[in-house]
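Data first, discussion second: the structure below is written as structure tokens.
Order of writing sets the labels: A, B, C and D. Residues in every chain begin at 1.
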Amino acid sequence: MVKLETSSGNLEVQSTQPLQKVKARRKFKISLSNVLIGLTMVIFATVLCAPLITSYNPNENDLTSVLQAPSAAHLMGTDHLGRDIFTRVLFGGQKSLLIALLVQGIAVSVGALLGLIAGYIGGRTDKFIMALTNIIFSFPGILFAIAIMAALGTSVFNLILALSLVSWPEMCRLVRSQTMALKEREFVEGGYALGASVYRILFKYILPNCYGNIVVIATLGMAGTMLAEASLSFLGLGVQPPDASWGSMVNTGKDYLYQAPWYVFSPGIVMFITILGINLMGDKLRDYFDPKM
Amino acid sequence: MSKLLEICDLKVGFTKNDEFTPVIKGINFSLNKGENLGIVGESGCGKSMTSLAIMGLLKHKGLTVSEGQIKWNGRNLIDQSEKEQKSMLGNEVAMIFQEPMTALNPMLTVGTQIVEQIRAHRKVSKKEAEAHAIQMLKKVGIPSPESRMNVYPHEMSGGMRQRVMIAMAISCEPELLIADEPTTALDVTIQAQILDLLSNLVSETNRSMILITHDLGVVANYCQRVMVMYSGKVMEESPTNELFDKPLHPYTKGLIESVKSIEENSERIASIPGMVPLPGEVIAGCVFCERCPYATDICSQQEPPIETTDDGRRVSCWNYKNLSEVVGAYE
Amino acid sequence: MNEAFNMKAIQEPLMEIKKLKKHFPIKKGFFDKLKDKTELSVKAVDNVTFTIYKGETLALVGESGCGKSTTGRSLLRLIEPTEGEVTFEGKNILSMKKQDMKDIRRELQIVFQDPYASLHPRMTVREIIMEPLIIHNVGSASERVKQVEELMEIVGLSSKMKNRYPHEFSGGQRQRIGIAKALALKPKIIVCDEAVSALDVSVQANILNLLKDLQDEFQLTYLFISHDLGVVKNISNRVGVMYLGKLVEIADTHTLFTNPRHPYTQALLSARPVIDKGLQTERIVLEGEIPTPINPPSGCRFHTRCPLKTERCMKESPEMVNLQGGHSVACFLAN
Amino acid sequence: MIQYTLKRLLETIPIWVAITLIVFLLMNFIPGDPVMQLMDARSGAIDEQVVEQIREEWGLNDPLYMQYLNFLTNLVQGDLGTSFQSRMEVTSVLLERIPVTIQVTLLGLFFAIVIGVTAGIISAMKRGNWLDTFVSTFSIAGVSLPAFFLGLLLMYIFSVKLNWLPASGYKLGEVKFLILPAITLGLSVSGIIARITRSSMIDVLKMDYMVTSYAKGLSKYRILGIHAMKNALSPILTIIGVQLGLLLSGAVITETIFGLPGIGRLLIDGILQRDIPVVQGCVIFISTVFLVVNLLTDICCRLVDPRIRSEH
């Protein structure tokens, strides 16, 4: 999407962009962020194949080996009930990842659809949808999710519901503002001039031009969802014991910070690297789709 | 006459992924005191970049000078210190940009923006600077200048904003004014007002001006000398009347013929085949040879030198002497 | 060209525009409504009447905010006019239902100004030019592909490039793609909204020549909207001059350029810098700025800048008066 | 300007009412009968008649909308009901807990602004060099590091290993208890502030008027301090406003880790004990503060920008 800049100075540099972009794609540098993104990919793969990698049962207590330091047998040590922390981190990650994917899937479909409708129709429909997002945005951070979990009770289904409810408004606003900008663009007007149906305009002219941003926001949103899920689990409002989850492991582990620091740090560091990797990926995607940021 | 400005073999470009792409591929020209030079060319020819290079502002657009000299009153501007540059900009050389809406800071009043420039170069009190600014606004024909001092740029029309830019530019009585497409964003009737104002201001005080534009009509009416650029090179440089009477370079000829045939309402408009090259595009031989109807073998192999003709015109073409032999090349 | 056109004995009207009005309402805050109950609106087009004849090129010229683009878009109902009548081949377009309108759209096409914004960035050239054929269900899939290739050749693009994306083309080539798309349904009228304004001089000439060729080949009628008088003089048979939402003068091109009667037309023509000094008329530099169309001046809208204004101009709004032939002017002094 | 403030205020009120409604409805979802719970808590024999009497007294037999209207009327008068557990007025419990939360939040905000804004400006100025890379990495790490883990990390380093600061607890007037929670909060949001500051500065530095200001030969201080800062300020103010809200909700986590008796702790304890009025009160209080802060930042942004100031 090359924009015709008003100042000729800008134009001269900008019109070469397509050429430059092709070159940039070919080069791949080994940088810290690429290593971290790679590491996150490895974590994803390991977590998804968890049962193949570890022979321990994540929920089986072994009171003979309680709070053992990391060793060859227990890569990340054991917890206060003698369970293998490495195994629990893998299974906890699996849950976290699947929840985040599902939540973003819901947020993208609901948010993008409502955004398209609000931006295209405008008027009262737009006002109504925007009021909904405004209300959700008026709860700071994860407070709304906390309130929902408190009210509906803790279950994975409710967790997904709560996280989806707080995730869709951002997607909706993004798609709405893009739709509003795009529907004024000349190529969309060209679609009207041809007599294209509303359906065609929305899904063939407008939506494909939002894909880039949707992917970026969904990726960054996924990191946010994992963070929120971990925080809820940490507070005891997310995934419930004995099922493993990064947040709840840190929560129980914090009582053993003096004797067994690995209990807190193992799940914590894996969680940090994963979320960081996803965020870095989102940033890369943003640079790719929108070179000006 | 003394040379006010001399550009020698200037090369400018940008670096991306460790690769340097030249956009201005070596240009030479000079400007005398009191002279009015027009630089014309189509988008991407490097005309705006030339002005930024003179001002030393290339780095803000991600560009660098790779070779050459820019001499201002005999002093090379390329390696001057930041302090020297600061005292020169806005004081000895001032610039007027294309889009007055974006070139003025939206957060500051018109008055503040003129006063700060005066106070950056003159040791005067705020009161004195304000009085001077009001005078400047009056000079560029802004009605009730006192009250306009407290107005923000967005509260003015495009023409008025461009007048403010001009008032700002002349506030420190610079020797050289560089106007980069000063009227492209304006309507025709407003364009006439602004161009008249500019040329009066320049001739009144024996200042020099470089007028950068894509509009041959503007150049024909407001400049004494014209330099034609194409793809980062100088194609031709002549006094205005001679250029329009008898263009030497095939590119100039094509441009003028196509504008003339539009004006004269001919059935078939003379046109140059092909398209304008992208900035930084590498072309072997003469940069214009791909689109040139007069091109011969040598054109695509060797770059033509810039030659000075007997009557003091400059042209960069292997075949400029034989152009008149081919008739109707652009039809 | 003008002469050739005038020789046609009968001028058959193709599209008639009567008292076209487009007012864009300005949204006011709650408190402003309390203070002042009158509705504010941008009077983009105000009572514009003219006719487009078959096979001609009618140009609309004027400066920014004069309403020329709004007029052009209203004719295609890309903007719904507030009032007025637009008849195409005797049928009123503005009162048409959706389905009928879709059929009519085959006859009316538009080429936009900005070659960068007017093409779908994620469709290939083939898809872009095929869009109109798909929407209007023309031909089978293989016929469409063939037609796309033909269209590309017609506008001077190699059909080998059909699988490329718009950003791989230069401004001039993109404008050719836009023209091919407009031609696909074999329309009767093409509105060219500043179709060559964004292009470089050397490329502009190519596109103008192409437009002229296509007109001869397909018997097209153009409504050519532009702010560039040079281009208008070259391509059009008749010219309408607009100022602040009003049509102030309309005449055949030769008459308008040699004998303009409205003071605004005179000033506009003289303000244009031309190369050939012989063509330069005496300069009339207008004072002041173009007023905003939100609160246009009373009486004649041009009176705030008119060098010849009288008392009457401030109070009464002049109507269009036919002087002779097709030359009409809205000015008290011209009669 | 006054008009704008009034208008924004009028727009905020329905949102606030909607928030109270949502919170009220959510609390109605909580399974179990509050009266039965109360009875349970007192572990006495359940007397059907007494239960019915209390229900009547609390208005629990009224239709839902009546209950809500009562709740809203009381709320507007500052009455948030009575805690099921402690039998104390929720309002007075909140007032007791507010100072701790406000202290930690403001201290955290101070850290966040100092670190975030400075880092953002520096990296925008030195775009592309190692400092910029460092700040960018730091800010993305800040966004990715969950506050609860960061808190424990700091606690491990400064309390367990170095023994410089207390791990948890609170004593009125002693700052040392507040430092770790405040740094945790501050660091966790400074990343975003740095990011927004950087991108907003970079956007401004690219503008045509910045080139003009160089072309005028102005001093560096004037170019960056006046021309650039004035234009970059709005987005920074807005993000700080939003972050203050996040700090408030983040307090839930830090207060849990560091054992501070603030509103966040109150909320979590309330949830665990199913003390509906307390939960309701905390959520509404935090959201209301957030709403007010956003209103104020909006108005500040208006004041800063002459372009929006003159429209209505």
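Here, a contact is a pair of C-beta atoms (placed from the backbone, for glycine too) under 8 Å apart; a residue touches a chain by one contact, two chains touch by 3 or more.
Note that this is a predicted model, so its numbers are computed, not measured.
Q: Comparing A-C against B-C, which pair counts more contacting C-beta pairs?
A: Between A-C and B-C, contacts are more numerous in B-C.
Q: Using CA atom means as chain centres, which chain is nearest the centre of all the protein shown?
A: Of all chains shown, the one whose C-alpha centre lies nearest the global C-alpha mean is A.
Q: So the centre of each chain is just the mean of its C-alpha atoms; given that, what is the distance between chain B and chain C in Å?
A: For chain B versus chain C, the centre distance works out to 32 Å.
Q: With chain centres defined as C-alpha means, what is the inter-centre distance between chain A and chain B in Å?
A: Taking the average C-alpha coordinate of chain A and of chain B, the gap between them is 50 Å.
Q: Return the distance between the CA-based centres of chain C and chain D, expressed in whole Å.
A: Here chain C and chain D have centroids separated by 55 Å.
Q: Scan chain B for residues touching two or more other chains and write them down.
A: In chain B, residues 43, 52, 61, 97, 99, 102 touch at least two other chains, as defined above.
Q: Which positions in chain D touch two or more other chains at once?
A: 208, 211
Q: Where does chain C touch two or more other chains at once, residue-wise?
A: Not one residue of chain C touches more than one other chain, so the list is empty.
Q: Chain C touches which residues of chain B in the complex?
A: Counting only chain B, the residues touching chain C are 42-43, 157, 159-160, 187-193, 195-196, 214-218, 220-222, 244, 254-256, 258-273, 275-276, 291.
Q: Flag every residue of chain B that touches chain D in the complex, lowest number first.
A: 52, 55, 57, 60-61, 85-91, 94-95, 97, 99, 102-108, 116-117, 120-121, 152, 154-155, 168
Q: Can you tell me which positions in chain D touch chain A when the two form their complex?
A: Residues 14-16, 18-19, 22-23, 26-27, 29-31, 137, 140-141, 143-149, 152-153, 155-156, 160, 199, 208, 211, 245-246, 248-250, 252-253, 256-257, 267-268, 271-272, 279, 283, 286-287, 290-291, 294.
Q: Under the stated contact criterion, what part of chain A meets chain D in this complex?
A: Touching chain D: residues 7, 9, 32-33, 131, 134-135, 138-143, 146-148, 150-153, 223, 227, 230-231, 234-237, 247, 250-251, 254, 257-258, 261, 264-265, 268, 271-272, 275-276, 278-280, 283, 293 of chain A.
Q: Can you tell me which positions in chain D touch chain B when the two form their complex?
A: Going by the criterion above, the answer is residues 205, 207-219, 222, 226-227, 230-231, 304-307, 310.
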